[in-house]
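Provided herewith is a single structure, encoded as structure tokens, for subsequent inquiry.
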Amino acid sequence: MNSIFLLLNLLPILFLYQFEGALHVSLPLTNEFTLSLIQTPLGSFFAYLSLISFLLVTIAQKSKKLSFSYYALQFLLSLAMLAIVLAGDFITFFIGWEIMTWSSYFIISKSNNMNIKSLQKYILFSLASAFSLIAGIVIAYSFANSFDFVAISNSFESMPFNIKVALIVLFSLSFFTKAGVIGLHYWVVDTYSKAPDLFSSILSAVMSKMGIYGLFLIYGNIIGYHELKIMFGTMLNGTDFGYVLAWIGVATSIIATFKAITQDEVKKLLAYSSIAQLGYIVAVIGFGTSYGVAGAMYHTLIHTIIKLLLFINVAAIVAQTGKNKFSELGGLIYRTPVSFVMLLIGIIGLAGMPPLGGFASKFMMYNAAIDTKFALILIGMLFSGAASFLYCYKLVYGIYLGHPTSKSLESTKEVSIHYLIPQIILALLLVLTGAFPGAFIKVINPILKEFSLSTIGYDGLGVMQSAVGNFNGFFIISAFVVIFLLILLLIWRIKSKAKNNLNRFDISYCGEVPTADTSLHYGYGFGTELYRIKFVNAILKRSSSHFYESLATQTKKTSELFSRMYYGNIHNTMIIILLFFSALFFLGVN
Amino acid sequence: MVFQIILLIMLAYVVGFIYFGLYRNITARIQGRYRPTVYQSFYDSIKLFSKKQSVSYGWMFYLGPIIMATGAVLTLILVPVFSDSDFLRSVTSQGNLFVLLYLMVLGPLGNALAVGTGGNPFGVMGVVRGLTRLIGLELPFYIAVVGLIIAANSSDIVHIIDMQKIGGLNIINHPLLFIGAMISMVGFFGESPFDIPGAPQEVYSGPRTEFSGKFLALLMSQGSLFAFAKLVLIVDLFLGGADSLEMLVLKTFAIFVSIIFIGIVYGRYKVEQAVDFLMKLPTLIAVLGLARVVWFG
Amino acid sequence: MNLKKVLPLKHILLSILSSALLLSVLGLLMQVKTNLYKNVGDIFLNLNMQTATANAVTSVVTFFRGIDTVGEVTVLFLATSGIALMLSDTQRTCEKVVKQESFILNVGSRLLLSVIVLFGVYIIIHGHLSPGGGFQGGVVIATAFLLLFLANPNMSLSHSILTLGESLSGVAYVLVALIGLFKMNILLGNFLPHPIGEIGELVSGGIIPVIYILVGIKVGSEMSVIVEYFSKEDYYKEVCDA
Amino acid sequence: MSLGYYFLLPVIFSFLTPYFKKLGSFTLRGSTILLMLILFLQTLAYTGVTLPQISEFSLKPPLGIAFILDGYSLLFLLIFTFSALIVSFYMVWFFKANKGRDEARFYVFFNMLIAGSIGMILSCDIFNLYIFFEITGICSYALSAYNKDKLGLESGIKYLIIGLIASIFIVFAIMLIYLQIGTVNLGLIAQRFGQIDPKISVLIVLMLFIGFGTKAELFPMNFWAPDIYQGSMASVNGLFSSVVAKAYLFVFFHLFYLFGLNSKYMLFVMVIGAITFLVSEFTALNQTNIKRLFAYSTLGQLGILFMALSTNSSATVSGALFHLTSHSISKLLIFLALGILIHKFKSAKIDILGNFKSGFLTIVLAIGFLSILGIPPFSGFVGKILILKGFALTQNYAAIAFILLVSIVEAVYFFRLTAMMLDKKRTKISVPIGFANYVVLSVLAVLIVLFGVYPSLLTHYTDLATNALLHPTNYLNYALGVGL
Amino acid sequence: MLEFFNSTQTIHTIIIIGSMCLFFIGFYGIATQKNLVKVLVSFDIMESALFLFFIGLHYQVGLVAPIVDSNLKTFTNMVDPVPQAMILTTIVIGLAVLALGLSFGIEYYKLTGRNDISKMNELRD
């Protein structure tokens, strides 16, 4: 089964490759709608991104026994995403969007620890997103008389200002929900954490990117950054619009980062981290400058790689140990060393540490902020980056370091090779993206041209140029490796002959002797300090769940109120009909 | 090239340890107790290096300090210690200020990995406190750095130094940013009032709990390397860099002493107090400086 | 005596509402002039000479608006089926108990039966000549059976005959309509040579008397079934209660 | 073929039912299927001819009564005959599974329900229409009460009382019309309706509105509807939802546009439709009985249709008709599938029904749910987007926002049901599905998908229907006998 | 005096008033009565009122029933036959529905012993 779908997943990639950017299909649905597929640089970037992600995840799924329907739905999902990114008109886009919604819904529902409430959360937010999208689409249609991207883009300029704003808000809301911008992220954490472990990687790495694709499509292609600038005016070197969007993104990033630190469930932490990382992308996407777009693109790529890596890693560990909480894991480093190294690479990327790709993308985004002089935005991003070290460390410590928290963990074996293959590929990709940022600029420049923005310079494959300084990824990573190896050689001698023969109680423990009940794993303790910091506490204490839950309660109350009318008394029903008649009679006739 | 780098490292090593010794010396004097010699840290480190390790926590315990040291050395290379050296300038321009900001954290992270491997909850507690403190600590510093970058419109340190040669020192042009950065520096040096993560009185020695012998020595040496690199960074950013060894020592020493004097008079903040404090006054000062740069610069 | 109980506020309000409605509807209907246009009935009256039935209402019912009558017959048939569905019950628990019957009533009603049925038949076959027709005659026939049931509670009708009459007459009616389609290319076409007799003769009007006879049979049997079910219902009720 | 067969064939069949019964249940079922097949094939044959088609009874219109088939009624005819065919197949399973029912009478009512509904949409005479209305009504009452249990009888009585109210108002209206206009021919009424006293015309419209609105389940007059659905069998519910309600809706809008009421009463009907939609969808949230829940869902969908059909813009109306078709198919699918479950579990409580285990049923139900919610690639999506597109073209953004917002409420309970079906923690009981049902449900599901991915199949007919509805000149010509 | 009563206008007025009074009595009945039989009777009253109304308004002074006999050889000066035909149909339909309703009522009464329509509330969620 797995092999068949692996091959099936290869097909779209080959298909796309075959066309080399010249794909242009149109298919009349009715006499009014035509479905069209057009391959743009932006679309192909996201297409390859998602297709390759699916391929990698499918490899990892070989280690599990999954049903035909699971694979079929997943394949359908990949096709739906392909439809989204290759769509040349909004109907195709929307069809892809909705198929994506429900096929992922059915996959998620296959998880064993899913409950109705979480499923509802997921689907309702997805549908709200879709409905806000369709509202935007039909409003745009009412002016353009066409669903075609080009036609809508052409007629956008002539729309009234309030319609323009409404369109931007509706589309943005829709895509923000998918990307999990704060306030609209209520579903994200629950869904990511409860979905099938390997599917979470798709959700976080690929599906959320569809929101980002949508934002690019709207801001870059359909409205156009130039038009945004005209509409909203400029601020510093960027646009007012970009500034507002940037604050939304930064707020998302900061809040989600703090929330991530306090999570005990591994996948919840990753989910919040996903929200935070997408917050960066949202922050820079509206700048309307080459660096902004390039940064957002780059971070999209990096985040996809990292989240695939981390989620597959965690899925493997969960499958191996059956535990998914930091307080229940720990000490797996020498039992699953390859996994540990992969996760380490992943979190170095996630934290944005220099030698790997994570830094390159962040640097690009920081550049964008400096370019537009959005200093506070930049500081916000840096700040959230600093806070993210804490959850990165929690991730690696909680799972792999310290002491095992239970006996069962001590006999854990290395995870299956099927989990490791995609991880190794992704880790290599992460290194490569860090080493050759120039190569990525080469990929991005056509997209910038598509948005009619100026291109970015690069010097060879290793150097990314920017107005405020260059970044030689290749130099940094080689210097790092060389120095690392030199020091390793130097220090090699200090390695003692002693084997790893320590009893877990052989540690300095305030002069006391720890016993079997003493908790030696600090996995649970992360983030407890944060509650004592006023500013952070204010963030952690608040939750959008209050709002949504009270909304649900209100809806239920309304429902009860209405259903009281339908209490089945035919006598009263008759009276109501007669009264209605009388009322209309007196109103209408006299 | 390799020779120059090794020379640089040696210089940093020596200066770093001397400063560390001085710090202990001066502190003792101020507090009116017997003081160690300036070279005490050297002796300590030599003693520790010659010790034998008898237990093992596994390979990650080794790699952690090595990553840390790598970070320190890389930082040192990327900071132009001598602003007129062509070699250093060319190396520096491969990276930029952002690379440095992140490299400064790479060391602690490597350390943290090793601490985690060590398996001592107190060590991890110290690490967590350190990382938590970092949230607050980096804020004013970041603001200062961002302010300078925007003012110079470049994230290249060499460029910032060159700008100061023309337009005057940043400490004069942007005093508020300097103050913000200095307050952060106090924390970066592990001085009071922000010294909680490693304070032995607090969490049983903090991150270093499980380290001994050669590891402790490695930790100390990279700590001094880092300290030196940070001092040089401040000098480069605000004092226009240093052309010669004397200028370098003078400027870094000035910064160093002021940091010590700031630190020594305060009691210790709890970690949340520290973050709270850092998020208020220093951040405010730095933001004011930044606003000046962005809106009126 | 509690006034509130006898005449609750709701009733008072509703009566006020009804009166108000009545007054305004009256006001409306009084003002309005009717018969703005020539009624379609007047045209029918003119046309009626062609169909050659003495009773214009009958030709309207069975011919001009013939499909209405098919529908009407169907409605009656459906109601009968519904009543049969409700009241004929195989699962009834209590057994049939033979009830005392009065000899005089029995004999008397049987005597009357033929007279009433004959009268009904008369009404049916003269439907196109004088007031009356299939429906009216059918109901008259049913009353004859009602009389039987009243006189003799143990009386039961032969369902197979009733069903036969009901089904065949219904099918025949539709077939008449369809023959019209085949012969005259119009449904319910008057395919019989209708000016065969003068107006006022028994054999006149083409298919109209045929239809009315069929309707009469159908209505008669259906009404009889209805009457039987309802009268038996009372009987079962008593027996079951006891 | 004459249009009269649509009514006369079922009538003959019903009259002969006692004899079919004697020949055995196979004959009974087989002949019903055959009948419905003939009607359906006849309808298919009509798709190829030029419209309108007319067949007169006794006299040519405007004097006589005629059946007229135009684009608008063709669409409904297709829906009705198709639904009837499907249900007649389904009932084979039903009566095999439920032995000892009065099968013959069910088929009588079933056939006449279809015939009555078809009569309502074909007849060009308002009094004749009223007779078909009553035929449909009586069949529906009897079918609701068919179970003869407390619930069934209660629903039958309620339905009957409501039917009486509706018919009183309609009869009153017809009498007023005849008094004013002197005829009951729809063509003539349409021609002369504008010229009568405005006060009386308002009264007539009001009475017709109350009459057909009550039956078509519009808001303040639909409190009975859920009860009826709850008390009836699931297959009957399917018919109510996809045939009967649609027939009343057909008449409502047929008269609405024929009498030229669209300019005056458009907003009113739209608001009423919107309120119906809102209230029903909110109420549906709170249900524990599955039949009741889908009754509310039906009401809600009818609300959307009323909103969209009253707009007088061809884009919206065409979308609404597409949506109507897709809703008929989807609701039929859902009710028939639920019928299988309800038979198995002997209960209609959602909690109990959620325990079934059958991949096939899960898939078809999910398809039905998604289609009703208007999610691609199912047929409901095309309908919904066409409606929204139509509203957008008339710049009616409030309606768009309203429909989408309430649709989210709708999604809440649909996906709650879906989640319940998919919930692994429930004790799962496997449900046997007869072969006939596999066929029936698959056909419906395939149609839903087919119309979703290839809507041109249907848009051809909806466009025809829209044209016929909004510009009834041809219809009027035929009804007035001008074109003959 | 007699002439006054013999005019079409007066007869129509009386018929309208009378039938509408009857109609609204039925209206009041269905709105207030809870007994199923009474409700059905109220409906019947309403229907009868409508029949009266309709037939009555089509009577005009000097017109006779639309039947030819030995005295009357042509269809002139006759009342409109269509309303009568329609009423005939409606009566039968009304009868059928009423009978069906009664049979439902009987069956329901046998099952539950109730005939109060406002207490029919088994059908609720």
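Lettered A, B, C, D and E in written order, each chain numbered from 1.
Following the convention adopted for this analysis, a residue touches a chain if its C-beta (ideal position, glycine included) is under 8 Å from a C-beta of that chain, and two chains touch if they have at least 3 such contacts.
As the structure is a computational prediction, the values presented were derived from the model and not from experiment.
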Any chain in contact with chain D as well as chain E: A, C
Steps in the shortest chain-to-chain touch route ending at chain E and beginning at chain C: 1
Farthest chain relative to chain D (centres taken as mean CA coordinates): B
Between the pairs A-B and C-D, the one where more C-beta pairs touch: A-B
Remotest chain, chain E as reference, centres from CA atoms: B
Inter-centroid spacing, chain D versus chain A (mean Cα positions, whole Å): 45
Chain centre separation in whole Å, for chain C relative to chain B (CA means): 107
Centroid spacing, where centroids are CA-atom means, of chain A and chain C in whole angstrom: 74
Chain D residues counted as touching two or more neighbouring chains: 127, 131, 134, 138, 141-142, 145, 148, 157-158, 161, 165, 178-179, 184, 199, 203, 226-227, 286-287
Interface hub residues of chain A, defined as touching at least two other chains: 563, 566, 568, 570, 572, 574-575, 578, 585, 589
Residues within chain E bordering two or more other chains: 27, 30-31, 57, 82-83, 86, 89, 93, 96-97, 100, 104, 107, 117, 120, 123-125
Touching chain combinations (by label order): A-B, A-C, A-D, A-E, C-D, C-E, D-E
Complex interface listing, chain D residues touching chain E: 127, 131, 134, 137-138, 141-142, 145, 148-151, 153-158, 160-161, 163-165, 167-168, 171-172, 174-175, 178-179, 184, 226-227, 230-231, 286-289, 292
Complex interface listing, chain A residues touching chain B: 236, 331, 333-334, 340, 344, 348, 351-354, 359, 362-363, 366-367, 370, 373, 375-376, 378-379, 382-383, 386-387, 389-390, 392-393, 396-397, 400-403, 467-472, 475-476, 479-480, 483-484, 487-488, 491, 494-496, 498-502, 504, 506-510, 519-522, 525-526, 529-530, 532-536
Of all residues in chain E, those that touch chain A in their complex: 27, 30-31, 34, 117-118, 120-121, 123-125
Chain E residues within the chain D interface of the complex: 30, 36, 39-40, 43, 46-47, 50, 53-54, 57, 82-83, 86, 89-90, 93, 96-97, 100-101, 104-105, 107-108, 111-112, 117, 120, 122-125
Touching residues on chain C, where the partner in the complex is chain E: 10-11, 14-15, 17-19, 21-22, 25-26, 29-30, 34, 39-42, 44-46, 48-49, 54-57, 59-61, 64-65, 68-69, 71-72, 75-76, 78-80, 82-83, 86-87, 129-131, 135, 199-200, 226, 229-230, 233, 237
